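Some structures are shown below for you to check.
Two complexes, one shared chain (subunit A), two partners (subunit B, subunit C).
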Partner chain A sequence: MSLEALSPFELEVARLLVETLHLEDIKPEDIAPEEPLFNEGLGLDSIDALELALAISKNYGFQMRSDEQQNQRVFASLRALSAHIAEHRVH
Partner chain B sequence: MSRQWVQLPERGSVWTLRLIRWIALHIGRPASRALLYPITLYFLMTAGEARRGSRLFLRQALKREPSWRDQFRHIHCFAATILDRVYFLTGRLEHFEIEVFGGQWILDQAASGRGCILLGSHLGSFEALRAIGLNLKHVPIRILMNTRHNPLMTRLLDALNPALAQTIIPVGGPETLLKVQESVEQGYLVGALGDRVVPGEKAVHCRFFGQDIALPIAPILLAALAGCPVILCFGLYRGGNRYQLYFEPLAEQVVLDRRHRQEQLGVWGQRYADRLEHYARDAPYNWFNFYDYWQETPSLLIKSKEGWVRKIQKMQRRFARQRAMGWDGLGTLLLSNILLLATLGLSGLWLFRQVWRIARDTPFQVVESGWVVVLGVRLQGDQVSSDYACRLERAAALCRADSQRRILLVGGQTGGSVSEAERGRQFLIKKGLPIDLLSIEDQSLHTLDNLRRARQVLGEDRTQSWVLVTSRYHLARSEILARGLGLHPVLCAAEEHLHLAPLVLWRLALEAGYLHWYKVGRAWALWTGRHRSLARIT
Partner chain C sequence: MPAKLPLLSSDAADSPIAYWRDHMISRAAFLRDAVHIARQLPAARFILNLCEDRYQFLAAFAAVGINYQTNLLPSSRATLHLRQLAEDYPDSQAIADSDIERWLASKIVDNAALPVPELPADHLMAIAFTSGSTGRAKPNLKRWGELVSGAQQARQRFGFNTGLTVVATVPPQHMYGLETSIMAPLLSGVCIHANRPFFPEDVRAALADTPPLRILVTTPVHLRACVEAQLIWPEIAFLISATAPLSPALAAQAEQVFNAPVLEIYGCTEAGSIASRRVQENDHWLLYDGFHLDGDHLSGAHLPEPVPLGDIIEIYDKDRFRLLGRREDLINLAGKRSSLAYLNHQINQIEGVIEGVFVLPDETATRTQRLAAVVVAPDLDERQLLTALAERLDPVFLPRPLIRVAQLPRNETGKMTREALLALITGASSCTKIRHDE
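And now, the complex of A and B:
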């Protein structure tokens, strides 16, 4: 268990993440909200990012763009990603 | 020791790239191509790692032990395509006879307005393919490229064709493939090379020439996620000014099922590997992965993640070094050869005369006391070679003649399990020299480095005289390099006389060639005001 508890929405995004990327040995509630998702941390890569972006557009109805500056921030952690989705979601 | 006689500028610079462009565009292709022969010979002699990679691949592809001619042809083919890059990137296609097979696949795809993945490899020239894309203005192309590990290529592109540089999608960061997917959606044909795995990348095992390799899954997975076709492309160099471009569909659509994704990706990877093998058999000298392709790739998968990341990083640093050496070395080497041609070889002959005179006239005895510096020689099977033994014997004799003398051995670990200096010390101890007279410096890897380190040990007191012992053929270069560093050694030849055997003549000629290159490189660095690179040789 991580020291910090996830908000309900963060937990939802964490579930989507684990499901989409088939992270079999990770439980959604175990993801540390501030930990980096890519490279170190969860160790996701560019393929995972693409899959995640596609899943997000399917589930929340908005397209993630490849704008570099923004993505560095958005993909930084589960918390940042959740905040970004919450801000842009259509449904 | 003489593996890299002098590492000229470490990194390519705009100047060197301009030089290469200038040579290629102004001297003309035929004359530039004539220069490829000495350059190929040089790389064949010095780039041991690449030569080994070449041999391993050719052994598989030719089904026999490759001769040195095969290897020469292999490296020459590579050098020729590098030179042609300049013409392709500047849009000078009139030099070439280009045959296109399956071009309709590309045209149809572009006409459909749908994007696709153009999957290439390090077999042949990707630039030749790109050039075609430039010529067909209505075919929108973007290229996925590792700009971070390939800064030189990026700069070359920027310098040669800024418009083309705009079409690069840089690899790195989570958004890379998102960008690719967007491009495909906008109808771009996105080019990528599918035969090398980079750190942290997911891969599948495939068979290639009957042995295991790892291939990246990104291109296929990308096609599956974007729902677009994959078209294979190969730009094969056929010698002279002939290129053949091949296009063929790999997949109209890639459908992956979640549960069996890895196996399915493996099947697609294998189809790619099969086509790659087909073309690699057809044009073996176009294989431009100059490392042990079978050994290095699969072992990456087996090792623990950190282990193989480090291993690939090491590999990439090595590539980067070779490439850096490639461009800057190539630039000044080209210039050096042009000067040789322009002076009808007289400039080389003049240096040969200088090398030969110093080799002939340098005394075997010296009167100076103080430090005796011995330059190391590459060990043979961890043992002292006959050249090295000669130098050591001479130093020992000098020490016995004058008790004021001390010996400094310089030479790092160049291939063997022990450094040249350490082995030299053991040799001298066996010869009965007291251990406290012997100092070693075993970090340096080539003559210039040896001298630079020796300078540190000897201190900045330039008035103190010291003796430099080395083989006769090596004296001229050592002296000139030392003077470049502000050192003024008293030279002492290792051998009593210069024996003009064919091998010695060859060595003298080689030394003259090195010196020619050094002088041209130095003049070039001075002229273009490249103080950083100059700092390496002064």
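And now, the complex of A and C:
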């Protein structure tokens, strides 16, 4: 469990993660902001990444793109993902 | 079958073979790259081809053949699988994109027209791996003549020809990807896009990079993501999907969104592609020419011996069959194949696991199918278990949920039923809540 508080927007993205990926046993506020989302960490995989990209396009109006290096950085943690969404969101 | 078969078909000499880093690569330039890479390859009998860039994989794949070496094609990037391959094939060396890049950078630019190499039909061109039931990957031997014959069957069925560009979301190391994005450009004159697009927007951009006619080679998981992404798609000649049957509803949606026919391939790693269909027209599968079915065994064409199919089928006539369902043990998720026996073996190998079992819940219309696992491991927490599993398995096989219990649900005869396991999984949320409060 994280001792570090999430920002309001990070909490919003955490809720989207939990809802989209049906992570029933995880509370959004319990996701550690710097914890890796894939493999170890939350244990997300490529199917999740696709589902997440879809939810992000519906909620924030932009399409995720993978540019090799950048992709790993964007999905590195909840904090990195939230920052990426904040930077690219259209609505 | 002739003793030797050319690396490239002769009737496509003037058409490009790949779109790589914003350029079209001619077949002559490709041949120079492949011959140059062949000279740099490590002197080992087997080359573990880990290239992800599709053009670099293609050039390395060809180079390995030119040297009469053998490509090892791993079924996943899981650490344990790669370690076991290194153990099972001591005379092997791994190569990756960075090696090919370095070697190609050292190449002296020239325009020499090299002769097309011919490879012996019985040359062991590649070994493709599938997960076996005993915990070690099972090798599937692919001789050059068999791969060429498969490519010719696919060419005949789909009309692969010059002027078509393949954009593929599947890796070249898997048989489906190997046939559609590596053997097709070598033997039928199609051009490939070197990228492996992942997100729908990547797929759209890759399609837009190349002129029509375009073919999208993908899987049901990616197709669903693309259909739901609400993008404006470039013109596509047709789409191919494989690894799991498409539902008629998704196929219909995809045909509408892409304004193109959606074709499906049925196959397995042992035999390669064996049949195709367009589910909008028919739910039965039409065998490729030269194959025949006897019960659930496939033979004919290039197969050295009959291959048992992983599915339960119903035969209509000599060319047509219907899939009735997957044999219980086989798992196919997001194009990755495994078996419950293999997964169960792996979870039970973890230190601290007393007993563990995987189960595949039924598919629902709204969610992609995921595995679940029930495990007895009093001294390990969920994180430790997942970390240990992640070393052994491809991420798509990691269980969700992973449920820790005091003992597995066995009936009075000691058997564990699927129903009892599914009941545990449905009640998972409450179990984990108890754990959080501990």
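As a convention for this text, the second predicted complex is superposed on the first by the 90 of 91 C-alpha atoms of A that agree within 3 Å, B and C clash if a C-alpha of one lies under 4 Å from a C-alpha of the other, contacts with A are read in each partner's own complex, and residues count from 1 in each chain.
The working rule: a residue touches a chain if its C-beta (ideal position, glycine included) is under 8 Å from a C-beta of that chain, and two chains touch if they have at least 3 such contacts.
On a predicted model such as this, the values are computed, not experimentally measured, just so you know.
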Touch test for A:49: subunit B only (first), subunit C only (second), both, or neither? both
Mind working out whether A:72 is in touch with subunit B, subunit C, both or neither, as first, second, both or neither? first
First, second, both or neither for A:24, with subunit B first and subunit C second: second
Applying the touch criterion given at the start, work out whether A:57 contacts subunit B, subunit C, both or neither, answering first, second, both or neither. second
Considering only the contact definition stated at the top, list the common interface residues of subunit A for subunit B and subunit C. 22, 38-39, 43-47, 49-51, 53-54, 64-66, 71
State the interface residues of subunit B toward subunit A in the complex, per the touch definition above. 171, 173-182, 200-202, 217-218, 221-222, 225, 258, 305
In the complex formed with subunit B, which residues of subunit A make contact? 22, 37-39, 43-51, 53-54, 64-68, 71-72, 75
Across the complex, what residues on subunit C touch subunit A? 197-202, 205, 221-222, 225, 228-231, 333-334, 367-368, 370, 383, 386-387, 390, 395-396, 398, 400-401, 428-429, 432-433, 436
If you look only at subunit A, which of its residues touch subunit C in the complex? 22-25, 38-40, 43-47, 49-51, 53-54, 57, 63-66, 71
